[in-house]
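Down below are the structures I want you to see.
Common to both upcoming complexes is subunit A, partnered first by subunit B, then by subunit C.
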Partner chain A sequence: MSNNRCYIQGSAAISAQPTFEGDFFSLPMIVTEANNLVAVEPDYKAFIPPNSLRRMSRLLKMGLTAALKAVQNSGQPSPDVIITGTGKGSLSDTEKFIRDIVEYQERALNPTPFIQSTYNSVNGLIALQQKSTGYNNTFVHRGFSFENALLDSMLQLAEGEVKRTLTGCFEEMTAEHFYIKSRIGFWKEADTGNAQLFDRNTPGSISGEGSTFFMLGDERTENTEACIKGMKMLYKPSAEALERGLKDFLDKHDVGIGDIDLVISGRNGDANTDHYYRILFSANCPATPEVPFKQLCGEHDTAGAFAVWLAAQILKQQQLPVSLQAFVANPPKAFRRILIYNHFIGEQHTFFLLEHV
Partner chain B sequence: MAERVFITGMGLITAIGDNVMENLRSLRLQQAGIGYTRHIDTIHKEVLPVAEVRHSTEQLAVMAGVPVLGYTRTTLLGLIAMKEALQSAGLTEADMPGTGLVNASTVGGMCDTEKVYYDIIDPNKHGEFLDYIDTLDCADCTQRIADTVGIGAHIATISTACSSSANALMYGARLIKHGMLDTAICGGTEALTRFTINGFNSLKNIDKAHCKPFDQHRNGLNLGEGAAYLVLESESQVKRRGAVVLAELSGYCNANEAFHPTAPSPEGDGAYAAMKNALAMSGRSVDEVQYINVHGTATLNNDASEGKALLRLFGDKVPMFSSTKPFTGHTLAAAGAIEAIFSVLAIREQVVFPNLNFSEKMEEAGVTPETRLLEQYPVTNVISNSFGFGGNNASLVISKYE
Partner chain C sequence: MEELKQKLKQQIIEALNLQDTKPEDIDDNAALFGDGLGLDSIDSLELMVLLERQYGIKVEDPREGRKILASVQSMAEFIQSKQTA
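So, the complex of A and B:
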């Protein structure tokens, strides 16, 4: 299936950087002192009518808006298929309903947070808005949520019955959930912020959130940004399996290390898990320029999608954004192929390969 | 894309039995699993009936052969069903690294985290509850199950509300058809929670009596819990292994209604599209369907909408159909896989299961479910329906192996 064409015909990303509106490529990185990167939320009124907006919780607004903008940016009609991934869904709704149950002693509860806490509620809204009655699926598997959504989309395109899939992800962080995860060492103890993310060599990372959507199609269109050549997921691989996985992946796509112009890595500054990147890259592609991305978007279950978005923009613009230029002393003359390697808490590891079109 | 996908193993646990054999016996004896909760702390415990697996979480851990600490009820139910499925397919430890798992869940480990949530968010509290801190999401149960039995080739969790495990079966079948996997174990697991009981109750969707699918006086669903997994294998893998085929997954379709966040369309557009396309994929005609295991939750909207879809697709020749939810309750993410197993049993045992608690046809759609247990009934093709929130509709066609 991976030899079939999968073009990014349009995309949109809401993140902690000015990626949704504004000139992300020429602006410096938005810097935070704290260990949580908060998404820059757009003005939703341009996308969602006010009466709907009032009822919708934050993640639903973020997800729906990114989805609609990706469709808009593609210049294509409604998608045939909608497939998403989210690790945690609408945490604020889940937390609210848990609290409401206790606070109101299980009586006269408002069902809205329950409905919106359902992981596929964003998909339902997108389908409703786009009048898309085709295949619709939601994956909820930590660092394989977006990845399975992308795989499913590529299978759909390969099956030949659909022309376009709207594929994306959404994640939010709440104060309460940030605290919960801090109890099991997810975040750095000292306030580190994103500018110093890689300087401390301490355990933990910084949190992030956001929503990224792609209109994927089997044809190259005028607005097409890049081509997704392939993806490979490895679940809890050993060091050998990871190394073999990379070789198999590149072989399968008939690409050598020398053909890769840039590596985008999921390094997140966590002293416990960053060795995966160090070992793999130093053994396999020590000379290839590498840029990390989690200082931009923070660590979250579906951060991999942000890396795919970033790769597509670099391939389209044929340059690195200002915020990443310091990582590469000698940038390549042209960006033809980008390899992404990302893992989530050392469990779900993924390679993506994107190509210039 | 030519590979056919076969069902070569299955395992389940529900309120009507700890394994396939016990479930089949309860279905034949027409013994429902609906009662009152013994394990959930809720003000509704003596008001809203549920279909609860009778064992305590500690007992489930013993049955699953793992320590209880850190394992949620969701995971334990899943592990018990998984182990039966593996045994039934004759799969061993050596087969596991090449096997994939597509699991389904609607609220992950909520059953255990909701009990300790206020401790988890209280910096002054410490204790064993911290072992449950990262079990709330849907991937926790999937990974615990995969890690316990050693599944390694592919892993995914799907959450599309009440159609989740039907979609898990579909995704697994497609991974096989694309040659990405030879063996995929697909299904779902769902434990009762105060969260979902209150959620459905706030939607005024729960009946205070035993649910009455397709009845004029139906008044909502009863929630249930359970887990079910089916082993799917490619035709070539079946030949290589010499595996015994239980049935073929011959067709499937996932369609969205794009109508309303929680309610189905009155004319059953999504249900109609899902059944029609799944049947078309299976290459079977409407006359070749002998039994439909309907979604039949007994909510006012679902049954009216599904009933109309049946009439639209089959006209005046609607096949035998029944909802088995009066037995197992509505097990949400596990329902699609549990009912897929019941569909395999209908073919293997040549039996149609009764729709309990039905007495009067609905005004909105004049269809009558089968209320008797029909033995020695020739069943070769079954449609199994699972419809959910967000307009997610899924239908599977399960066929006799020929």
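So, the complex of A and C:
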């Protein structure tokens, strides 16, 4: 996908770090000792009326609030279309509904958890709040969920039929789901925490959650943070295909590796899958500064969106957040282009290229 | 009856997650929907579920439901009539 008219006009991120309300760039990383990073939730009352708030589950509140804040930060009117991605949707509602089915023997089932367990419930709420009656879609494709939402948005902007798309993602972790994923080796066995994520060469990572939204538009505005030049998805690539994929991606955008000022990588401390990052970086861009991001937000299906948000903020502020400075001995004088490479459990691999505007 | 109404108010607050509302804030005869407590159609479904789960009463006719769920008073009267029937 190639498009030079996709500008991030505004964004918002709710994550395990003070990205929504705090001064993320000057504060140190919020550290956890356990293997799950929990989102720092804002005061929702500033965004959602109390009568609506009372019925919403945690994920709906996070998704809707991040979306509304992204629109607010853009300074633009309502989006023409709303496109999101989620790997799991509202797990807490799904679990509640399934438990009720068992407990009440499929009778007297409360409608709210069922309604909210559907993947597109966040989109519906955003549309109601924004009075948006345009195209509205949610992509559910595991590690490509956000990426497909972004692809759809970029295509719609490229076609010129819409001016602004609200694009984002949302993910939550529950105790039940954490346990299920731990049974299949997703998480590290010993409590590792995010500060030691890269110190132990052991299988598994740490979990995360959050919601990230972008107001994307085909025009640069006063509030524009960065430009998304392109994105490329690769499914289960071999080492050769991955290297070729990176080269093709950069060639397509007429960018050499020397033009990249920073690489943001999705390495997550998992001894089973971090070799992809080593293969790619040691062979192709050994001299380019690289910072990982999953110690900040944890591993989850839509973590790639957090990396895009992070890249946009670095490009806008022209500096690295304090929490990432230790990874770069000699930071570049200016951040003009940032390459993001992320994969989800070694299956869904994505490159993003962002530019300063 | 008084005891039932107090219990019902507490159950409504919990089932509908009416934050910042206390049982004493709900008038026995105030409308639950519209101008009163401001509940909506999904709340009415949740109250139907509450009646079934907590009191074993299933409201078969939706038109009947509108009258039953009008207020705490009408709900309590309906529960009592079913329990004594």
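The criterion applied here is as follows: the second predicted complex is superposed on the first by the 354 of 357 C-alpha atoms of A that agree within 3 Å, B and C clash if a C-alpha of one lies under 4 Å from a C-alpha of the other, contacts with A are read in each partner's own complex, and residues count from 1 in each chain.
The definition used in the following text is that contacts are C-beta pairs under 8 Å (C-beta built on N, C-alpha and C of every residue); 3 or more make two chains touch, one makes a residue touch a chain.
Since this is a predicted model, take the numbers as computed values, not measurements.
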item	value
Residue contacts on subunit A - larger count, subunit B or subunit C	B
First, second, both or neither for A:54, with subunit B first and subunit C second	second
Which superposed partner A:102 touches (first subunit B, second subunit C, both, neither)	first
Contacts of A:138 with subunit B and subunit C, given as first, second, both or neither	first
Partner chain(s) touched by A:110 [first = subunit B, second = subunit C, both, neither]	both
Which of subunit B and subunit C A:46 touches, first, second, both or neither	neither
Footprint overlap on subunit A, comparing subunit B with subunit C	107, 109-111, 115
Footprint of subunit A on subunit B - complex, ascending	1, 42-44, 105-106, 108, 114, 117-118, 120-121, 123, 130, 133-134, 136-139, 142-143, 146-147, 152, 154-161, 167, 171, 174-175, 178-180, 194-195, 198-199, 201-203, 254-262, 269-270, 273, 388-392
Residue ranges of subunit C touching subunit A (in the complex, touch as defined)	16-20, 38, 42, 45-46, 49, 52-53, 58
Residues of subunit A touching subunit B in the complex	1, 82, 87-89, 94, 97-98, 101-102, 105-107, 109-111, 114-115, 118-121, 123-125, 127-128, 130-142, 144-145, 148, 152, 155, 158-159, 176, 179-181, 183-184, 233, 235-236, 347
Footprint of subunit C on subunit A - complex, ascending	50-51, 53-55, 104, 107-112, 115
